[in-house]
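Would you mind keeping the following structure in view while I ask a few things?
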Amino acid sequence: MPKYQSFQSILDNQVMVPKQLLTDYTKLGLEETELVLILQIHRYRTEGNSFPTPEELASTLTVSSQECSKILRSLIQKQLLSIEQQHNEQQVLNECYSLEPLWEKLFTYTPVNSPETPEFNE
Amino acid sequence: MPKYQSFQSILDNQVMVPKQLLTDYTKLGLEETELVLILQIHRYRTEGNSFPTPEELASTLTVSSQECSKILRSLIQKQLLSIEQQHNEQQVLNECYSLEPLWEKLFTYTPVNSPETPEFNE
Amino acid sequence: MPKYQSFQSILDNQVMVPKQLLTDYTKLGLEETELVLILQIHRYRTEGNSFPTPEELASTLTVSSQECSKILRSLIQKQLLSIEQQHNEQQVLNECYSLEPLWEKLFTYTPVNSPETPEFNE
Amino acid sequence: MPKYQSFQSILDNQVMVPKQLLTDYTKLGLEETELVLILQIHRYRTEGNSFPTPEELASTLTVSSQECSKILRSLIQKQLLSIEQQHNEQQVLNECYSLEPLWEKLFTYTPVNSPETPEFNE
């Protein structure tokens, strides 16, 4: 009989993914490999690594580190990813990826003018 | 200046994704499109649709509904996805997808070499 | 041997709680029963009930429905909870609780002026 | 106009709370202060502190550290909380709180004999 991980371990190891990322990534001009790379950046961040290398990213994807570098550049060009500078606990300046540009695009409220879904009609 | 969604709406619209799905999908023989289709099934479930059609799935992916059908069959063959029967609120028997086989594989505790449970042993 | 719920069921039944609600509720002048009532409103919302009655709330707390009514009024007075009007799927106008005032208070960015961390200096 | 935290910061700072903890804590003989102390232990854990002191716990509650100590002892007596030994990254043996006994109680599948909701009746 298989032995499972503890419930605590399962509860501890979740990432929260905005549904809109899953429903709208194609509208942002992304395809599946790019989406998964974004999810890996998001996951690494929750583990305290906010600037994973292309090699670290590639280790969890089916594509090469060269391909990961290419996708990273493309996400930055599309203004979905940025590189920020951040002080770490020792006050040393570090670079880190920020997905804030992506979240800002996803969470912008879109007024709905079309007849089909007039959700808000005050 | 852009107007953003409410914080409540952002908090309401998240899916929880086990980190191990992101770190281990390649070990399960999956590639990115298959992973994203799994995430979409998981998302649809949180929205009350536990048996999305290939067309519904394809509407959020870059691949066709034919390709989605093919991936669904492949996931069932790999014993990561199953089709279950479930009573809905009106006591009508419905089919729904279950990702339980996938979670059971991901959450199986992997003993590290020795017979007891030496979780930390180097 | 006990039989546990499915992993799917465990994954499906989580609520996301902002850490700041847990760290800062006392600074907002709240005590534990008020915090838990807020968490129950948040949970009911994820289950599709955005206007739980005092009786429904009391059924999951150790306090009476009269006490729940009193707490609800107090949260509204403290401007942490509001009652909004919302169209449901049948375009009928319904009332619902909104925790948006609470989230706005919690998520307001507090500028840090000094080198240490005097985060709150009213 | 208030300035809000980044979306990334909001997404980064959530804890996942099983709904059953919120719906069933009174059935486990707990009241609100005990529930909130459990939530704080759970939160500290996500921040890398798996053995918060009574003083650390009290700093986020309305009760004293003496009262927190008393609640901790009571949770251990009720077999909802345990103290485990764990190797940290430097291979030093540390004590940490485990909520596993609580999760096991909450996630035990309860067969339903009553007429209203016979969910599984194969």
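Points worth noting:
We just call them A, B, C and D in the order they show up, numbering each chain from 1.
Everything below uses one rule, namely that a residue touches a chain if its C-beta (ideal position, glycine included) is under 8 Å from a C-beta of that chain, and two chains touch if they have at least 3 such contacts.
Note that the structure is a prediction, hence the values are computed from the model and not measured.
More C-beta pairs in contact connect the chains of C-D than those of the other pair, out of A-C and C-D. If each chain is reduced to the centroid of its CA atoms, chain B and chain D end up 26 Å from each other. Chain centres here are Cα means. That of chain C falls 17 Å from that of chain D. In chain A, the residues that touch at least two other chains are 7, 10-11, 14, 16, 18, 46, 104, 107.
A complete topology is adopted by the chain contact network, contact being made between every pair of chains. Those residues of chain C that touch chain A in the shared complex are 7, 10-11, 14, 16, 87. On the chain C side of its complex with chain D, the touching residues are 2-5, 10, 13-20, 22-23, 26, 31-33, 35-36, 39-40, 43, 46-47, 60-62, 104, 107-109, 111. Partner chain C is touched in their complex by these residues of chain B: 6-8, 11-12, 14, 16, 18, 42, 45-46, 98-100, 103-104, 107.
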